[in-house]
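Shown below is the structure under consideration.
Chain nomenclature is as follows: A, B, C and D, assigned in order of appearance, with residue numbering initiated at 1 for each chain independently.
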Amino acid sequence: MPDRIPVAVLGATGAVGQRFVQLLEHHPWFRVAALAASQRRAGQRYADACRWALDGDMPPSVRDLALRPATAEALGCPLAFSALPSDVAGALEEDLARGGVVVSSNAASHRMDPDVPILIPEINAAHLALLDAQRRGRGWTGLIVTTANCASAPLAIVLQPLSDAFGVRHVHVVTLQALSGAGYPGLAALDMVDNILPYVAGEEAKLEREPRRILGRVVGTEVQPAALVISAQCNRVAVRNGHTACLTIGLERRAAAEAVIETLQGYRSQVAGLGLPSAPQPLIVVRREDDRPQPRRDRDAGGGMAVTVGRIQPCAVNDIKMVVLAHNTVRGAAGGAILNAELLAAEGYLEGWR
Amino acid sequence: MPDRIPVAVLGATGAVGQRFVQLLEHHPWFRVAALAASQRRAGQRYADACRWALDGDMPPSVRDLALRPATAEALGCPLAFSALPSDVAGALEEDLARGGVVVSSNAASHRMDPDVPILIPEINAAHLALLDAQRRGRGWTGLIVTTANCASAPLAIVLQPLSDAFGVRHVHVVTLQALSGAGYPGLAALDMVDNILPYVAGEEAKLEREPRRILGRVVGTEVQPAALVISAQCNRVAVRNGHTACLTIGLERRAAAEAVIETLQGYRSQVAGLGLPSAPQPLIVVRREDDRPQPRRDRDAGGGMAVTVGRIQPCAVNDIKMVVLAHNTVRGAAGGAILNAELLAAEGYLEGWR
Amino acid sequence: MPDRIPVAVLGATGAVGQRFVQLLEHHPWFRVAALAASQRRAGQRYADACRWALDGDMPPSVRDLALRPATAEALGCPLAFSALPSDVAGALEEDLARGGVVVSSNAASHRMDPDVPILIPEINAAHLALLDAQRRGRGWTGLIVTTANCASAPLAIVLQPLSDAFGVRHVHVVTLQALSGAGYPGLAALDMVDNILPYVAGEEAKLEREPRRILGRVVGTEVQPAALVISAQCNRVAVRNGHTACLTIGLERRAAAEAVIETLQGYRSQVAGLGLPSAPQPLIVVRREDDRPQPRRDRDAGGGMAVTVGRIQPCAVNDIKMVVLAHNTVRGAAGGAILNAELLAAEGYLEGWR
Amino acid sequence: MPDRIPVAVLGATGAVGQRFVQLLEHHPWFRVAALAASQRRAGQRYADACRWALDGDMPPSVRDLALRPATAEALGCPLAFSALPSDVAGALEEDLARGGVVVSSNAASHRMDPDVPILIPEINAAHLALLDAQRRGRGWTGLIVTTANCASAPLAIVLQPLSDAFGVRHVHVVTLQALSGAGYPGLAALDMVDNILPYVAGEEAKLEREPRRILGRVVGTEVQPAALVISAQCNRVAVRNGHTACLTIGLERRAAAEAVIETLQGYRSQVAGLGLPSAPQPLIVVRREDDRPQPRRDRDAGGGMAVTVGRIQPCAVNDIKMVVLAHNTVRGAAGGAILNAELLAAEGYLEGWR
């Protein structure tokens, strides 16, 4: 792989930053060439600056990289993955895009900018159309695309085929979210032993807003949000990885459970023909056992990029209910951002490099 | 307390049976005089036959009791608490009632019998009216009352005041249920470390059916179920005690969150004046913190008999959403059955004894 | 209780500070009159400044207390309990003692000062003899006594009777320590799910040093440490409260397991006649079941102040092995410091007040 | 791989049986051709009879295999892996060996038979010498070899190099054992939340006995046990996989920590040249970080077949102390038995097949 594209990881010492580093270790198109973290750590060796929190050990190839400042010049890469905290991501990512860098971000800062797509290639690849307006409007030679929030992503993925087939009027979603969604160190062990927390700061608002934009249609230079209404209640549970969501859905056109199952299983990804390395086959895994999906058994389906759906049943209040599970730091964060960059590469946004 | 009523506990070695024994240890009206378990254990010392699974130690006063057969004669008590498994509870409880015993049961066997009340004194004391028909129709000198399922009880308790004040059209409920709900040994530790289960066998059907009967009105010799529609999704989490439920509720008459809070806080128990020892004051505790209720912090409110409600917010899909928590083996099982017996004693069903 | 002694709690917002507040709520001799935390919080309401981490709710009586600076004048109490972090406890506690305050400290700062006793009333009340030298030598009208480290305390308590009866040559101890020993927030939940940590910073050195001093003899104005040798390996486990320790002990005079059991059960506390409210009866609980002690079942023995010992067996390498358990934030921290203050009160060190 | 040896797995539905199936899925020398479980399940489809308890899904290649009776004829394989429970393994394994089958067993039944080796290829390959006597003495055409107990195996692996280099007089070992060591379902979740158990039935005796035999020398037709003395205290912790052991070791010749580290790192496996597929490189991984080994981070070292050692320090009571970790169902069970079979294949005991 002599010509893999050199990429930078911003916020490389955090939980999602580490996941980027791990997932990119053997990536066929990209190789980690630069790492950045907070300003005060610039110059430090990655192995010294980062307390590795994932299973296994830090990849040897990055241990000796010196942390760089997060500027286009210092990074020297055409592509950057951002795992920056929201309070600094906003300005930093803009500076990079202005400096010519393609930024695939996991931060929430720009998700609601009208000219920035929340991209999930399998279901809304057409939102790339916003990028022309973004570059023209901002005068950037680089660009910014973002992932959905870790709980919004699987929700949107499941709603897209249902929306196509039956129309979705409204969704009530109750989540049981994993610890890693709060970063590292995140939650205190003392709070999570023999306990759950019925609260994830800011999450319910994101879940009620983001999927509508993701499922929307590009009209001119903006996204017209989908018409569905979402209500969310978010809980934290003592699971390391894997967000579970219990959904009840009101459809435009009634559908039997079996028709819903077939629709989800038969969904054809919008990037099916592109050979994107991180796109799972299939995108949606339907389980028919009573007690699935379970975070520990199903979060790694499709290399952590698939969404697993189970317990699809008629609902006495709405039309259909189901349980949805996805890996929150792979599909819902680093893996999703890598897939977004793969789509950008495939569509020519990294020309000269690929 | 020289004249406490002697009571029997059936299924005394199981998780709920132990909770009965624990809660009755210092009860002002009742004293444990007889214990029964499965036939093959009759004659064994309780301390030998029972692996104590609750915190603390087995009460010294019961350690040396010999397990008896579960017949009215052998037990010799006017009142029996049943923690029997459903497959044997049905016939055994009937035999006892026929033999003159007042049976306060936690088993599901008779919950749906038209002449057996699912009793929650604070909200449906009027269902005692079924007992006349029960005794006449069955020719019993004793009687049977039952508790609600451990997850149904707090749901019904919260719906009653809302129903009175605003009318309830439908409820969607997602539970995060504690391990003790499955008895002991119950769930395997290997399944619950770093995991949740999206399934509790038989529970969703109970939750969709029982509260309608509990909230119903006695018409003649039957209960006319409440008109509301319930849909449930049940999950198991690695919490020892305390079922959490996320509710979204469609009301007949719209209500602001603050009005709902006031309604719940202001609810007046139907047994408020009777001085029942296990009735909590207040019945419903409303928490306004973002991150409450939590199982470990709130399950013991009101000695485990109160229901704690939090995160009361408007719902984009329905009218109001909230999180409800109660101790599943106290309010939702043994404590509820003891309170039922207290009501029976106060209302004269144990005459001669009190 | 009109004449309870007004006491201050220093470091009141931390995990051990909260435990002081909780344990003192209904104390017959002491009442919480002043709370102090870090300088920048002075003036804040306790309920606002403190995120309550214990079960149940913050005692209503302290919710509205304003946090004070930690000076003798500002506190205005003859007795102060210190839950200060070690980096500030040293100087602050000295200032208070100089200002006339009796300081019962849980901090490690002064534990190794030659004139400061590490006090465990039941086993080394005679170490009070150091206080004369302390006051004379330092010119203080107040004084400082300290508790042992949370893992050292139960170790010393068990070794004292064995030392009296058989002589102890050496001890190897392996601990399984609870999360609360690291304070709040302490350990990350992500590190403790499906995991243990084989390391507790600084703990092994304390365990190898402190018990020797606690078990030592006062000679003149100093403690001559006991001759025994201790080796420790410390682990952290996902238990909220209750440190477990596996001990193997080399004795001077061989002893059968039964003799060891009798010795531990028959130990007579050195403060048995003083009526100290927090002194448990018995001090040492011996369990003969195969699978005890367990943290969750045994940590609350004696109100959290007893030490539970089990699995007492002959050891193929040394003489005897056993498992020891105690509540680390009660016996091993706040409860121990309160008991120390009770001894000081009983011995006249708070004269004028009691 | 057209000529892989067909193998049977006995006790295939249990926790260790499943691990055999999982580890053999892509094995270069062996392929699963027959599965057996309890008599009453014979004929059932594996996917129907077995509740898969490992991460991921059951390998597709075995889902449709019908369970067979555990006889040489019915199995039709030259090699069988036994994960049978001890109460049935004894006679069944003998019958198979009599019938010509090479049995690599994980059961304890025959471990202490004088003519059956407890085999750990890297450290006692010479114990194969017992097999001649076994076959002659019993008149078998097949044979039986066994693995060590899951906690004994890593202990013996670490003691072998230390014994070679310094001589080992005695060892005191305290274990923190994983849930999977108790099989499935095994421990109750209710017992393991916020708790540890200071007891593993029968384990301490095995740990005190087996390593002496494993480290012994074959003299004539028997193993002369190593002279070292072992004392064990065994605990169960809420970890899914990975037994941790805290060791303190008395050596014949004193050794600095650094010399011990070098000895462990430099140990040369006795089967280093044989190319056994499951033999890890290196066998012993030494970690120098303060907080390693940890079960979750280190159990999968060397594909679960390596032993990780950390916290190597001088001991005040003995000579050296350390923490040892290995995967209990891979190195300590199924993986170990597969490695044993690989050695047998390499040494010609499966002639005609390889």
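In this section, a contact is a pair of C-beta atoms (placed from the backbone, for glycine too) under 8 Å apart; a residue touches a chain by one contact, two chains touch by 3 or more.
Bear in mind that the values here come from a model prediction, so they are computed numbers and not experimental data.
Taking the CA centroid of chain B as reference, the farthest chain centroid is that of D.
For the pairs B-C and B-D, the larger set of C-beta contacts lies at B-D. Taking the mean of the C-alpha atoms as each chain's centre, chain A and chain B sit 43 Å apart. For the pair chain B and chain D, the distance between C-alpha centroids works out to 48 Å. Taking each chain's centre as the mean of its C-alpha atoms, chain B lies 41 Å from chain C. Touching two or more other chains at once are residues 193-194, 238-240, 296-297 of chain A.
Arrangement of the chains shown, judged by which pairs touch: all-to-all, with no pair of chains left without contact.
The touching residues of chain D, when paired with chain C in their complex, are 170-172, 174, 176, 194-199, 201, 208, 229-231, 233, 235, 237-240, 244, 246, 248, 250, 290-297, 310-311, 315-318, 321, 323. Interface residues of chain B, counted against chain D in their complex, comprise 15, 53, 179-180, 184-194, 238-240.
Looking at the complex, you find that chain D touches chain A at residues 55-57, 193-194, 296-297, 300.
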